[in-house]
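Chain lettering (A, B, C and D) follows the sequence in which the chains are written, and residue indices restart at 1 in each chain.
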Amino acid sequence: MKKFLFYCALTILIAFIFIGIFADLIAPMDPDAINMANSLASPSAEHLLGTDHLGRDLLSRLIYGSRSSVFIAFFATGCTLLLGLTIGLVSGYFGGWADQLIQGVVNIFQGIPSTAFVVAVLGLLGPGIKSLLIAIVVSSWARFSRVVRNQVLGIREMHYIEGARAMGGSNLYIIRRHVLPNILLPLLVLIATRIGSTVLTVAAMSFLGLGLRAPASDWGIMINDAKLYFVNDFRVLLAPATCLTLFCLSINLIADYLRDHLDNDADTARIL
Amino acid sequence: MDIRVEDLYVRFATLSGDIEAVNHVDLTFSQDQITGLIGESGSGKSVLGLTIMGLLQSNATVEGRIFLGERELISLSEKDLCAIRGREIALVAQNPATSLNPSQKVGRQIEEVFRLAGEGKVDSTRRTHELLERMGFSDSERVMHSYPFELSGGMCQRILTAIAVAAHPRWIIADEPTKGLDAVVRNQVYDTFCMVKEQYNVSLIVITHDLLLARKFCDQIVVLYSGRVLEINTAQAIFNNPRHPYTQGLIASLPHLGMRPMPGFSAAFTDQPSGCVFHPRCPYIDEDCRKIEPKLIPVEEGSVRCHRYS
Amino acid sequence: MCVVIAILEVKNLSKTFRASRLGGKAHRAVENVSFAIPAGQTYGLMGESGCGKSTIGRMIVRLIPATKGQVFFRGADLLAIKQRAFRPYRRRIQMLFQHPSTSLNPRMTVLDSLREPFLLHDLPGRDCMDDRIREHIESFGLQSELLERRTSQVSGGQIQRIVLARIMLLEPEFIVLDEPTSMLDVSVQAQMMFLLQELQERSGVSYLLISHDLDLIRRCSHRIGIMKEGRLVEQNETEALFGAPKQAYTQELIYNFECMKN
Amino acid sequence: MNDTLRYIMTKIFLAIPILIGITLLAFGLGLIARGDPALARLTVDPDYIPTEEEVQALREEMGLTDPIFIQYGRWISGVVKGDLGESYLDDKPVLSEMLRLLPNTLLLSFMSLTLIVVLGLLGGILLVVFQDRLFDVIGRILSIFIMSVPGFCLAYFMIWVFAQKLKLLPTSGTEPMTAFIMPCLALALSSACLVARLLRSSILGELVQDYALTARAKGLRKSQLVFRHTLRNALTPSVTHIANVFGGFLGGSMITESIFSIPGIGTYALTAINNRDYTAIQGYVLFTGFAFVLVCLLSDLICSYLNPQIRLGRRV
C-alpha cells in the first residue's frame, strides 16, 4: 500500500518535471495570448480547461506554470543543498572552533522565521527570479546545515570512522566513503521536504506580487489573478490550486515513504 | 504454582524472512526454585521470557500453551494479562540504564505499582520507602526524588528489582541482570537477588549468558541453543558433568576453565541445519545427527537432547 | 631476567577533557600513566568502566590528541610526529574496537570494507585484491560467501573477525585491542582470543589488551596494569600480580572475581 | 532546583548574542538595500539636479559618512530607547504603528495556536490509540492530504464555500469575532495535521523503548502507558515544531492577513515592502526576529521541563 502510494507520488513528480521541461512542446496554445472576446470561457474542445479573465488558455498557463515552479524549486534546493551540506559537514565533522563559529551564525539566521526572512530579502532586493532564488537560499541554508551537522555528529562517533582514520584515511576520503553514504537517506528526506516548501514559497511570493510578476505563467500568479473571478467561476482558482496541492502531496508522500524506510533501516539493525 | 510451557513456538515476521526464535519448547519451571535459562545471543532465551509475560511485539506469532497453575496464558485477553503482569509474574528487564522512564522520578515509578494494586497515595509512598530501605538504600528519601539518570547502573538495577517485587508476585523473570556490569556491581546484584529470594518467597527465572552467575544462583539450569532446549539439569550437574557437547564446549570456553574454543558459529535463524541443530559444530558427529532431530532424553536427574544418550 | 626490547613505551601520558558546557569542570581522564610493552607480548590494561583505559588506547593510535606525555614506538615519539609523517605508522599500529555493530560501515558490503586497506596503502597484490581477500579471510575461518553481505546480516563475532582480518592485511606490528570481546558471547570470545594468540605466535605482533574482565586479562596477557580513576595503581607480570597483589584496590578486584566462582 | 535555575539562566544568556546578531542582520539588510538616502531625498523633485557638493553635505548631515559601526551604534541606541525610526512613507514612527496593529495579529496567532495544540495533540493520541485500525489509516491519509493543501488555496476554498455559497461567515475584516474563524483555520489546519503525524510517530517510537517494556510488565494497559509514560517523552519534537510555527505567526502572516483584509503586522510589512519603505522593513525584521527568539526560548524551557535530562545537565 505504502509502496504503491510512493510510486504514484513519484510518477506525479516526474510527470511535473517532464511537463515543465517540455512545456513548449506540450502546451496546446500560447499561454500569453490574450483574447478578451473569449474571457472566462467554460471548457471546450479548443480550450480543454477553459480560459481565464483575459481569455488565455488555462491549460497552457498551468503547463508553463509548472516550468517556473519546478525550475525554481529544484535550482533553489540545489543551491541550498550545496551551501548547507558543505557548511554542515565542516561544522559537524571537524568540530572545534569552526563548529562554534558556524553554529553562532546559524543560530542568528535561524532566529528569524523563514517566511518573514524571504519577504524581507525580497522587499529589499525587489521582485524577480534572481532575488527570489537568493531570498530562498539565504533563508533556508541554516536549517539545512543544522540537520546535516546533527546527522554527522551522530556518525562521527561510529567505530568505522575511527577504524578508517586508524588505517590512514584522509578526512576527504572518510567524508566521501563513510560519512556521505550514511547521511544520504536523511538527506533525501530533507531535500524532498525542501523542494515541497520551496514550491509553496515561490507560489506564495508570486501571489503576493513579490516573486514572479504578471503576466508570467506561474501557479501563484494564476491564483492571484483568480481571486477576483473565482466567485462566479471557481474553475479558474481550482485549476492552479489543484496543481499546487498535487505537487505538495506527491512530495509529502515521497518524504513519508523515505522516512519509514529510514526507521526500518534502524530497526533491522537493532534486531540483528 | 508451576509455570508449564508446552510445545511453544514463536516466529517473527521480518523483512529478511521469518525468524523462528523459539522452536517447540517443553519446559516446567517448578515453584520455589530458581531456574536459569542460559544460552548465547540468538538462542531465544529472552524471547521465551517475554512470551511468558505476553509482552512480545506485534510481528510475533505464538503457538503452543503456557500454564500458570491451571490458567493458560496465551489464550488470555490483553485485559486479563494486565492483571497477571506485575501481580503474579513480574519482570526485571535488561539494560537497567534505559529500562526506567527517564522523565519520571524513581519514587513515582515504584509507587505506580502500589497504586495499580489499588492502594492510596499515602500508603504507596510509605511502602515505597520501606521497600527501598529493604533494597539496601540507606537514603531512600533522596533516591525517591532522583531521576534514573542520576543513579548508577547498579542502583537502577536495584530499583528495577524493587518494582518487580513491589506487588509480591509469585514469579519474577530476570532478563540478563548482569549484562554489561562490572564485577563489583555484579556481586551486588547477586546479593540483592539472594535477599529477594529469601524475604519474598518468590520463584525466579533467570535469563542469562553469565554462566558463573547461573552456577552460583540457580537450582535448575536449562541450556538453549537456536531456540531449542539442549539440556536440563541441576546447576551442579551441568557444571560438573555436562552431557551435551554444546554445554561441554560452552563451559570449556570460560577464561578460567581453559578458554578452549568451539569450532564454527551459531546457525543463522534463516537457514537452520537439518537433523540436530548443533551437528555442524559437534565433535562427535554421526550419520543420524545430520538427518534425525534428537528427542529430549531423560538421563539421571536431568535430560539431554543428543543421539549419544539414546 | 633476560632483557626484552619494548616495542611501545608510554611515558607520563595524561588527558584532560575540556568542560563540555559553561561552568562545567574539566575532566581528567588519564593522569601520568607510564608502562612499556615488550615486543611479541600482550599487555593487559584492566579497570572498571569509565577509568580512562580506552582513552589511553585512542591516544596511542592518535585518534585523540594527548594533553601531555610521550608514546615511544620502536624509539620514535609518536605524539611528536607531524600529521603527514605519521602516515607510515598507520600501517604499523592498528586498533580493534569494542562494538561490532558500528565497526563496519552499514552501507558497504563486507568485501568493500576489506578493500579499504588496498585503497589506502600500497599493499602487495593490489591488482588481484579480491582474490587475495578471499584467500585471506578463509585463513581467518570465514567463508567467502560472507563477502557479498552487509553488516546487518553478519553476526557480532564474525564482524570482529572481519575487522581483525582487515587489520592483518596491513601486517601491523602492534594492535590496541579495546574490549574486543565484551559484546560477544563466551564461546565466541574464546574463539576470538584463541585466534589473536595464534596470530601473535605466528607473526610476533604485540597487543595492548584493554578489558574489564579480570579472568580474560589473566588468561591472555603477559603483563598486567590495573587502572583506577585515570591512574595506573599497580602493574606487574601476570602471575606475580595474582600471586601477591600489593594494592588494596587490586586485592578487592581479585576478591570480587573469585567471589562469583565459588 | 539549583541546576534548573542554572539551566534557565544559561539559556537566557545564550539568547543575548543571537538577539544582537539579529540586530546586526536587520541593520545590514537595510544598509545593503537602501542605496543612498541622501541622493534619494535630494532627487525627490525630478526637476532639480543636485550638485555633488550638496549631496555630500547632506550625507554628512545625515551621518552617512561616518564609519558603519558608528551608524550601527546610533541606530541601536535608538532601538534600545524604543525608536525604530520613522517610516519613509508617512513619517509615522515604525514601532508605534506596529504596536497599533499588533492586537489583531496576536489574536489570530493565539487562536491558531490553540487550534494546533488541541487538534494536533488530540489527533496524535487518537491515531496511536487506534493504531493500525481503520481510524488510524483514514486519519493518516486525510492528514497528509490536508497538509498538502497550501494555506491560501484553503482560504479561497473556504471563502467560496462558507461565505459565498452558504453565507455563514463574513469574508473579511475583524468584526464580528466570527471573522477570525476562517483565517485561523487557513493558518492552522495544515500545521495541526503535521503535529498530529509527528506526535504519532514519536509516541510509537517511545513505545518500543526499554522503559515502556518495564511499564507494561507492571500491568499497565496501552492507554495508561501512553498517558502516564510515553506522551511526556514524545512531546519534545512537537513542542519545538509548534514553537517554530507560532513564532512565525507572531511575525504576521502576510498571505492570510491580506486575503481576509485583517490589518496586522503582516499587512504592515507588505505595504512597507511594496513602497520600498526600508526603515519599516528593518523594524519588521527586528520585531519578528525578537518575537521568534523569545518563543523559541520559551519552547526550550518547556522541553527542559518535559525532559529533566536536558535541564539537569546530562547529555541526552
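One rule holds for everything that comes next: contacts are C-beta pairs under 8 Å (C-beta built on N, C-alpha and C of every residue); 3 or more make two chains touch, one makes a residue touch a chain.
Fair warning: this is a prediction, and the values are worked out from it, not measured in the lab.
The interface with the greater count of contacting C-beta pairs, when B-D is set against A-D, is A-D.
With centres computed as the average of Cα coordinates, no chain lies farther from chain A than B. Averaged C-alpha coordinates put the centre of chain C at 52 Å from the centre of chain D.
Chain centres here are Cα averages; for chain A and chain D they lie 21 Å apart. Centre-to-centre, using mean CA coordinates, chain B is 33 Å away from chain C. Chain C has residues 153 in contact with two or more other chains.
Looking at chain B, residues 16 sit in touch with two or more other chains.
In chain A, the residues touching two or more other chains are 268.
Taken together, the chain B residues at the contact with chain C in this complex read 16, 40-42, 180, 182-184, 186-187, 190, 209, 211-213, 216, 249-250, 252-256, 259-262, 265-266, 268.
Only residues 104-105, 107-109, 111-117, 119-125, 200, 203-204, 207-210, 223, 226-227, 230-231, 234, 237, 241, 244-246, 248-249, 251-253, 256, 259 of chain A touch chain D when the two sit together in their complex. Residue ranges of chain D in contact with chain A, taken from their complex: 17-19, 21-22, 24-25, 29-30, 32-33, 144-145, 147-150, 152-153, 156-157, 160, 164, 201, 244, 247-248, 251-255, 258-259, 269-270, 272-274, 276, 278, 281, 284-285, 288-289, 292-293, 296. Those residues of chain B whose C-beta lies close enough to touch chain D in the complex are 53, 55, 57, 78-79, 82-87, 90-91, 93-95, 98-104, 112-113, 116, 147, 149-150, 160, 163-164.
Across the complex, chain C meets chain A through its residues 58, 61, 63, 87, 90-91, 93-95, 97-99, 101-108, 113, 116-117, 120-121, 152-153, 163, 170.
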